[in-house]
Amino acid sequence: MSFFERLKAAASAEWRAYTEHPFTIGMADGTLTEAAFRHYLVQDYLFLIEFARAYAVAVYKSPRLADMREAASGLSAILDVEMNLHVKLCAGWGLSPGDLEQAPPAAEMLAYTRYVLDAGMRGDLLTLRVALAPCVVGYAEIAARLAARPDTCAATNPYRVWIDEYAGGPYQEVAAKTRAHLDRLAELIAIFKEATRLETDFWEMGWRVGPRVE
Amino acid sequence: MSFFERLKAAASAEWRAYTEHPFTIGMADGTLTEAAFRHYLVQDYLFLIEFARAYAVAVYKSPRLADMREAASGLSAILDVEMNLHVKLCAGWGLSPGDLEQAPPAAEMLAYTRYVLDAGMRGDLLTLRVALAPCVVGYAEIAARLAARPDTCAATNPYRVWIDEYAGGPYQEVAAKTRAHLDRLAELIAIFKEATRLETDFWEMGWRVGPRVE
Amino acid sequence: MSFFERLKAAASAEWRAYTEHPFTIGMADGTLTEAAFRHYLVQDYLFLIEFARAYAVAVYKSPRLADMREAASGLSAILDVEMNLHVKLCAGWGLSPGDLEQAPPAAEMLAYTRYVLDAGMRGDLLTLRVALAPCVVGYAEIAARLAARPDTCAATNPYRVWIDEYAGGPYQEVAAKTRAHLDRLAELIAIFKEATRLETDFWEMGWRVGPRVE
Amino acid sequence: MSFFERLKAAASAEWRAYTEHPFTIGMADGTLTEAAFRHYLVQDYLFLIEFARAYAVAVYKSPRLADMREAASGLSAILDVEMNLHVKLCAGWGLSPGDLEQAPPAAEMLAYTRYVLDAGMRGDLLTLRVALAPCVVGYAEIAARLAARPDTCAATNPYRVWIDEYAGGPYQEVAAKTRAHLDRLAELIAIFKEATRLETDFWEMGWRVGPRVE
């Protein structure tokens, strides 16, 4: 059972409330109002700007070059790929990227993004990565589930482009990498803990033979 | 007109909505329900923990020792004085400091405190001080106004202890110092700007005489 | 005169000491010992890791999406391009990227990189950008000057690959962008200052007419 | 064996090089030149300003109120007590606090303080506390050892006031608290690790019984 699966199991009620929210069903069957989707998407654009900042904090916090590269690729995935979906969809409503950046921030967006940024700046890299995971991995899981529903495929479903994007290969790979990276970080910590414990035992072994000479 | 007065003038609608909120009138005339006050006070305790962290960021950000001491005294005012009021009032409801620290955080408290912490960590000291000001100075202003109302003084008003604390000398002095410190920071910036402009002009003066020799 | 030119003029003695250091002449005429160059290059690899972290802080500190993209491209230029030169040159000495990452850090490298990271985390984006500028722009200037010397072009010059890299089009463009970005930041600040002053005057204009009504 | 003793044991060569440096012997027998001591003390004043900033970061990083209070008392110990010794001694050389704050920073001071600040901002609270420990605990150990030497007590020893300060009760107590706090943090981590492991085992126990139903 992977580290991420354990986190999900430990927070199963919250995970279901998030990934199976009526909003997601409304996208699958096309019953979600455009106004609701539009409000969400504009705020999600502002959200992505802050999440890009959080990935930058992950680069800053990384103790090893490999972690830095991993975080830098997450940053690039947001700025260079994911935001394009929002720009494209919002252009259909006559909203320019500049309009999006100037949209009044919703309290929910502020609360979520600043919580993640604060947790990340305060704690270490694993803490930050855990705070980022529900978004990255959850979206992949949600979209994959929705894409498998027959009603999603209806030619008239206006939310199909959103679902296809997150259910598509490139995004699913980003989420898979995130899960694998979390596992690697958690495993490294386990190895470090074990090695530290063994180091300590080694000292203790010598210590038991006789008292310390100043 | 002080720097703080200018900020207030520039945000006058928001300032009134905050300082003249019905919640404050309810404390003055004693009509606020205990449940509402209690929910507020428990969240305000969690809020103060985060604000103490924000004052610590102000110490960290300070470019001069005098600014550090100013911020450190703000930190101490929260940890060593202000929180005692909350502990005392909450003890009356059978809540220990440990209960308070473990209370589930409200979304509004998370949103506000993390916004301030993020703005402060991202920007410079003045930015952080400006983000902290509405709380520190606003509470002093609110309590002073409420204390001047006749209904506040009724012996039966259960919120008098709260009003007396923030209308009292020590807290009013903290707020006055905060306003003065903001003025000093803003003034230093004005002086620095002017000196920088003059320095630049001085270079320009020499520059106009002839071209640069490599 | 650009903002960067002004900074250079204000720190002209230090700028010359840095850009015209004997070490740079030794690379141009090939008289620098390999041991000295090798020590420098290994430490410069560690330096680039920290500078990549500093660019990540610039992404985090950016108030606008355009600044974030600019900083993210600086981060990518280090991780995806500049470090390859070091990897390639060090491979010639039998040093793997892993060996480089594990090299004991020199005190000078620690002092410089941590100073920049601290200045950047403490101050705002312009402060950080100014702290990063001597490296980015200075290297372009140094390499361009060295490349113009006849002795640099000698086929036997072992440092030609280093000089060619930093004198080459791609790196010169990075430096030019950095200078332009600094100018834009400084200009925005000037505009913001002016607009703020005018806003204030506008309030003052109204204020002079009559006293405030509570 | 306490956590701090383990750290010392794991870094015994470095610890001896630091705590038994000739500089410390020179203070004990009074042979250290005044110029050397003065240079050290002025830089130590600048060092303390940065260490106060690092304690502020510890307040900011603290996950619990008790850790915040502990860190805030460390901050106050520097700003309100320790720096007074420097101010008093430097006044004897005609240096005001303003002169001290304006003294040109030595590269060694910059390297050390910025390394600690970066390690602390990048990692979690324990990382920061470990980076702060050599200074706080080491000075107490050094001064206690020097105070026990007969030559230290000579009425003519000009460094006795320094030794008395750090060997004295208040400072020794600060160091003892620091050691105890490190132990508590490390113990909490051990407890947390164990509880986490047991939680995981509990999930695993249930998991082994049957496969997950989606």
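By written order: A, B, C and D. Residues from 1 in each chain.
By definition in this document, contacts are C-beta pairs under 8 Å (C-beta built on N, C-alpha and C of every residue); 3 or more make two chains touch, one makes a residue touch a chain.
This structure is a prediction, so every number in the text was calculated from the model and none was measured.
Of all chains, the one whose mean C-alpha position sits at the greatest distance from that of chain B is C. More inter-chain C-beta contacts link the pair A-C than the other of A-B and A-C. Per-chain CA centroids place chain A at a distance of 37 Å from chain D.
Rounded to whole angstrom units, the spacing between the C-alpha centres of chain A and chain C is 31.
Along chain A, residues 60, 121 each make contact with two or more other chains. If you sketch which chains touch which, every chain touches every other chain without exception.
By the touch criterion given at the top, residues 107-108, 110-111, 114-115, 117-118, 121 of chain B touch chain A in their complex. The residues of chain B lying in touch with chain C in their complex are 1, 6, 9-10, 60-61, 63, 121-124, 127, 193, 199-200, 203-204, 207. Per the touch definition, chain C reaches chain A in the complex via residues 49, 52-53, 56-60, 62, 64-65, 68-69, 71-72, 75-76, 79, 97, 101.
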